[in-house]
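What follows is a single structure, written as structure tokens, with notes after it.
In order of appearance the chains are A, B, C and D, and numbering begins at 1 in each one.
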Amino acid sequence: MATLVQAVRLALHYGETHLGVTDIFGEDVGPPLGGVFTATQGLKTAWNTPLDERGIVGAAMGLALAGAKPVFEIQFCDYAFNMIDMLKVAGNLRWSSAGAYEMPIVMMVPTGAGIRGSIYHSHSYESQATRLAGWKIAMPSDALDAYGLMLSAIVDPNPVMVLLPKALLRVKGDKLIPGEPSDPAELSRRIDAPVGDRSNWQPDWPDVREYFVPFGSGELMREGPTATVLSYGRLLPVCVQVADELRQSHGIECDVIDLRSLFPYDWPMIARSVRKTGRVMIVNEDTEVTNFGEHLLRRIVEEHFYDLLVRPRLVQGKHLPGIGLNPVYESNSVPQPDHIRSALLALATDPA
Amino acid sequence: MATLVQAVRLALHYGETHLGVTDIFGEDVGPPLGGVFTATQGLKTAWNTPLDERGIVGAAMGLALAGAKPVFEIQFCDYAFNMIDMLKVAGNLRWSSAGAYEMPIVMMVPTGAGIRGSIYHSHSYESQATRLAGWKIAMPSDALDAYGLMLSAIVDPNPVMVLLPKALLRVKGDKLIPGEPSDPAELSRRIDAPVGDRSNWQPDWPDVREYFVPFGSGELMREGPTATVLSYGRLLPVCVQVADELRQSHGIECDVIDLRSLFPYDWPMIARSVRKTGRVMIVNEDTEVTNFGEHLLRRIVEEHFYDLLVRPRLVQGKHLPGIGLNPVYESNSVPQPDHIRSALLALATDPA
Amino acid sequence: MPASDIPPNHRDDEERSVAYGVKPSRFVESGGEILDAERCLEIYRLMVRTRALEERTIKMSKSGEGYFWVGGPGEEAVNVCLGLMIKKGQGPAFDYLHLHYRNAGLLLAMGMPMVDHMRQMAMTATDRHSMGRNFVGHYAIAAWNVVPVTSVIEVQYTMAIGTAMVQKRFESDGVSVAVGGDAGTAQGDFSSCMIWASRPGQEVPVLMLVTNNGYGISTPAHTQHSEEHISDRATPFGIRSDNVNGNDPVATWRALERAFNYCRRSRRPYMLEAAVSRLHGHSSSSGAARVGGEPDVVKIFEDQLIGSGILHRELAEMIRHDAAEEADAAAEQVATEPRPLPSDVEKHTYAPSPVDAIYPDDYTGLPR
Amino acid sequence: MPASDIPPNHRDDEERSVAYGVKPSRFVESGGEILDAERCLEIYRLMVRTRALEERTIKMSKSGEGYFWVGGPGEEAVNVCLGLMIKKGQGPAFDYLHLHYRNAGLLLAMGMPMVDHMRQMAMTATDRHSMGRNFVGHYAIAAWNVVPVTSVIEVQYTMAIGTAMVQKRFESDGVSVAVGGDAGTAQGDFSSCMIWASRPGQEVPVLMLVTNNGYGISTPAHTQHSEEHISDRATPFGIRSDNVNGNDPVATWRALERAFNYCRRSRRPYMLEAAVSRLHGHSSSSGAARVGGEPDVVKIFEDQLIGSGILHRELAEMIRHDAAEEADAAAEQVATEPRPLPSDVEKHTYAPSPVDAIYPDDYTGLPR
């Protein structure tokens, strides 16, 4: 099975061969490197930019205005805070001009902690991103969703941001992408650039096919009557694992929802589950003051207050200036499996 | 009584004469204009910068690192989205360096709608600002608080942002600043620059005195057993007015809390009121996805869920790409007195 | 002046004039340049119309027919000359325009009716640029490649990189024109544009035009900028540049012509700085009253044309009168046009999408 | 070489050498410059120590004693020469250092013990720069005006404006030194620094130093930058500039000396670009293996010193050996030092404040 980052690469390949992608660019995105996480290796329309995030966003907007279909990468979301004004412009340009222009750009950006990235390779971005009106925001937690969300991002004529969980990029999926060779070693041989000199290397792309994960559609990963767990990205697999453990150890069965699309989010799926369980936990790793999880909680409280049996929980990153390099920092500021487990157990067993 | 913007000016005067402020700067902050809202007229340390917000923040940080005490203005918060990376650095620099350096900078910035400012003079900033770990964020709703919060911002050795509600800048306070002449016409004659040539004008500063509003201290504007209204900035006076009307018309009496300090916020005051009333409404004009009000709601729900008698309300701005110039846009995207009134009435009368 | 009297170094002008379908009988000389009379008259008429439009718009900001005014009185020559040179149309074969908020003259010269400007000032639902959402002069016209003007200073220079890349690929002679003020060049985006537009082997046809009025709101340029000419900043990047007196329409025409010729042919960037006046202060926020001490390009050009016998005082008077009437009529027309409705607030947020389960068409509020 | 043999145009060098307390008996000539032998040996020794420190640190990144490595093998000459010229101390009377992540040599030359660098690599609680929070080489030393290094490329150039303003006011001869790479100059902040540092009548003593290693991570500079020399960008702002071969320590010393002299005396900005090698790739992310094809400044200088009879091969061997031992000992020492604790996570967020009802001392989690 493809890893998440291979899935992104396959999606971009499909995008540039079938969906009209004209430009894939960013710092170190073109040859020889093909992206610091290899997301753009071997792509025919990938190119390198100057070290200038504002220029990257501006160029993407201009390309889109002139009818091209750009996908750009910001190397780490930690470096996507010097051009939020431009992201705002991209999000408001259609509205401001009463529909005169569209802004079909795709931004992809590695986010979150988990790679020993110290203060500047550990930021989260969803709370920032979901504030950008006019944008759609997605965050896959596995390879197939990454493929399907990237394809949706490409065909959607609006600005779309795909947040890539850094720590999951090298994790293999458990479902095949349509057209993906079933042997992961074969896939790697065909599409991963060799170490060392790559000047004569050419990928041998498998014949992957169209597969969309529509915006606004979550995925119910586990089903159960007791509680609702809402998550996405890096901590989603942890939530699934914790839910499985609690089923084993305590016979507690929960809905685990992978949002996948953060804006728009799958409100029907969330509401259905909350009505059913009356117990809600929201999990993400972004810092906890003015956090996107707090928005989800607000919607739930505003519309399902009387359906809630016990107090809802949010498990989030601490409000701190950074995540330090020594592992003691990350394990004490970003939710760990233990925190999630004890929070879920408490939620499930609170007397109603 | 001084207007809010006069209070800011008096605070800056006190700051540069008694509290060690060395530099007050920003675009059009120095002579001849003294700020697009006149906040910096006549100040001896006020100077103009190039049109470059990144340079402004960087210069402020450097000044602070070298022992100066800078106060800088960003002309409108609408233009404070191209340097959020630098605000993050300012907030994390002490933490990152394990206390090697402090970062005593003050940023003041007009925010919010209400001045027919169209798409780019109507943004709010509190949801953005409260995400900045390491910063303290304040927002006055009247002149005296503006004075007291500015003085606290100046003496606090950490980065402090003072959000100034644009639409209230010309509103007169109802309490005198210590040392303020009681005749507002006299005050104006003494400290407002004349129209036209000002090259020979000198302000005649009144002898204002020290007055601090500490961070983390809210103000209980109205008291009552029925409900808790949490607000700040531009909509705070509207909440007070609505609360007064409901007392008149329906005999409903509510706590109205002016947060004043958004981070840290006065949790003891909030918790006390929520325990008392069990009914909560949070009001601000920022857009509603990942809004600071949602954080306050989360704290309340997480810690006082079982104290809540009815579902809490949030009254916030709509999730939209902008606020348009024609008044129909603002009145249909930013909370209006009517919305606040009907939400409060519903909150107060919901069957528990 | 018979054709044979044209000095030899102006012969190319004669040829161009013929190409324009103008009988090359008369010329105006100024700033060491020469321009044929009919072109001068055309420019003059457009400058007068622009001025009338601006003045009527300022009046609206004071009368309550609109709120905020910002515009370009003093920049008419640059705008009109630019507008007349634009390769007008939709898509990368044509010029892209990345403007700021002082470009009414440019749009008038391209053929925009005054009423299109007035509608934005009056915030009508019929405002084609923004449906009453944006400040006046914040144009957006897809059919002419006028990309939406945003109030955020200088971001237009970064967007111009992208449109110019597409133009270069299409092997058209289209140019991406980015226009901004002098103070704005302090933003990093101005520098980004130079770096990106001059990438070795990847140069793109961006015409960076700086209208230097000597101020950013209240701040004099000379207190913040050490550059003798802003356009000198192009040199280290191998970008060709020039500067011109924007109060001299003839010189401005020629400077712009050279700039466009270079960009169209070489497919490389060019920077032109034009010194202009700011006749009504920064915007209505500073009163928008007529300020003294600044040369008035319309008056200067009028005197020049009258002095060289091309324009009669009576004709000038008539042109001014017609322009004012045209502006009044446009203002009157928009006064009764429909305003946007509460139901319009969310419109045009999203384009329809086949892969969106919540917003297949437009935005409709938070997901439900 | 007796003093009388010194060519006349190097006489000032002799005087300077005397001022340094060095007997001007021997000199090294290189790149058209000359430098006395004792200084050369001092530089050489520091360069070797820097290289040893870097190599040991790289080893830590592979052995698990630390994680990520980034540093400056190839930039030793610039760093060491710079470090020896710093007016070291706290406050505006001294130089401020706004660095990036390749400046170990600079700090060693200023007198930082190796163990201070190693502690950050090993993420110990004793790490004086960041208490185990930041990547190696992200120094912060208040006593020496080394302001905290942040990974965000190029923001140091904007902060340098502020420290230089204070230095100018104090009428000291302190300089604010900002150091960054070549690719980073594409960020607008580099341009901001030039604009702010050269404001007419408000010039400030910023020394902008660009270490040009020809790459930003994997991207060759020549594919993105049209400037022949980055330092040419200073010219339009009236900022003096120069460029130098950073693989020539003698030329580098002289170029830096001129730069500092200018800034210290004129209280104005200066830009120096140094061409350097990148001997171990960008960082441990790209393997940090030694790469071929790049000149090695330590080797070059060693050969130069040996060739001119100033250094014996045996002494060079010994210096290298000692440096490696010193680095090993430092690495060993930090291995057993305490690590930060869970209770340290919130420490140093806030400075104590008399006007904070919630956080009078440090941050303690959300308000309660």
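Following the convention adopted for this analysis, a residue touches a chain if its C-beta (ideal position, glycine included) is under 8 Å from a C-beta of that chain, and two chains touch if they have at least 3 such contacts.
All figures in this text were calculated on a predicted structure; none of them were measured in a lab.
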- Message: When I count C-beta pairs in contact, which pair ends up with more: A-D or B-D?
- Response: B-D
- Item | Label of the chain whose CA centroid is most distant from the centroid of chain A | C
- Let me have the rounded angstrom distance from the C-alpha centre of chain A over to the C-alpha centre of chain D, please. 38
- How many angstrom between the C-alpha centroids of chain C and chain B? 38
- Item | Inter-centroid spacing, chain D versus chain C (mean Cα positions, whole Å) | 47
- Query: What positions in chain D touch 2 or more of the other chains?
  - Reply: 130-131, 133-134, 150, 152, 186-189, 192, 195, 199, 223-225, 349, 366
- Query: What residues in chain A touch two or more of the other chains?
  - Reply: 49-50, 52, 54-55, 79, 82, 85-86, 94-96, 119, 133-134, 263, 288-289, 319-322
- For the complex, which residues does chain C have touching chain D? 186-192, 195, 198-201, 203, 222-229, 232-233, 235-239
- Message: Using the touch definition from the top, list the residues of chain D that touch chain A in their complex.
- Response: 67-68, 123, 130-135, 150-153, 183-184, 186-188, 216-219, 223-225, 285, 339-342, 344-346, 349, 363, 365-366
- Touching residues (chain side chain A, partner chain C) in the complex: 23, 49-50, 52, 54-55, 57-68, 70, 85-86, 89, 93-102, 104, 133-134, 136, 151-152, 155-158, 212, 214-217, 263-268, 299
- Message: Touching residues of chain A toward chain B in the complex: what are they?
- Response: 54, 79, 81-86, 88, 91-92, 94-96, 119, 127-128, 130-131, 133-134, 263, 287-295, 297-298, 301-302, 305-306, 308, 310-314, 319-322
- Residues of chain D touching chain B in their complex? 91-92, 96, 98, 127-131, 133-134, 138, 140-142, 147-148, 150, 152, 155, 157-167, 176, 188-189, 192-193, 195-196, 199, 347-359, 366-368
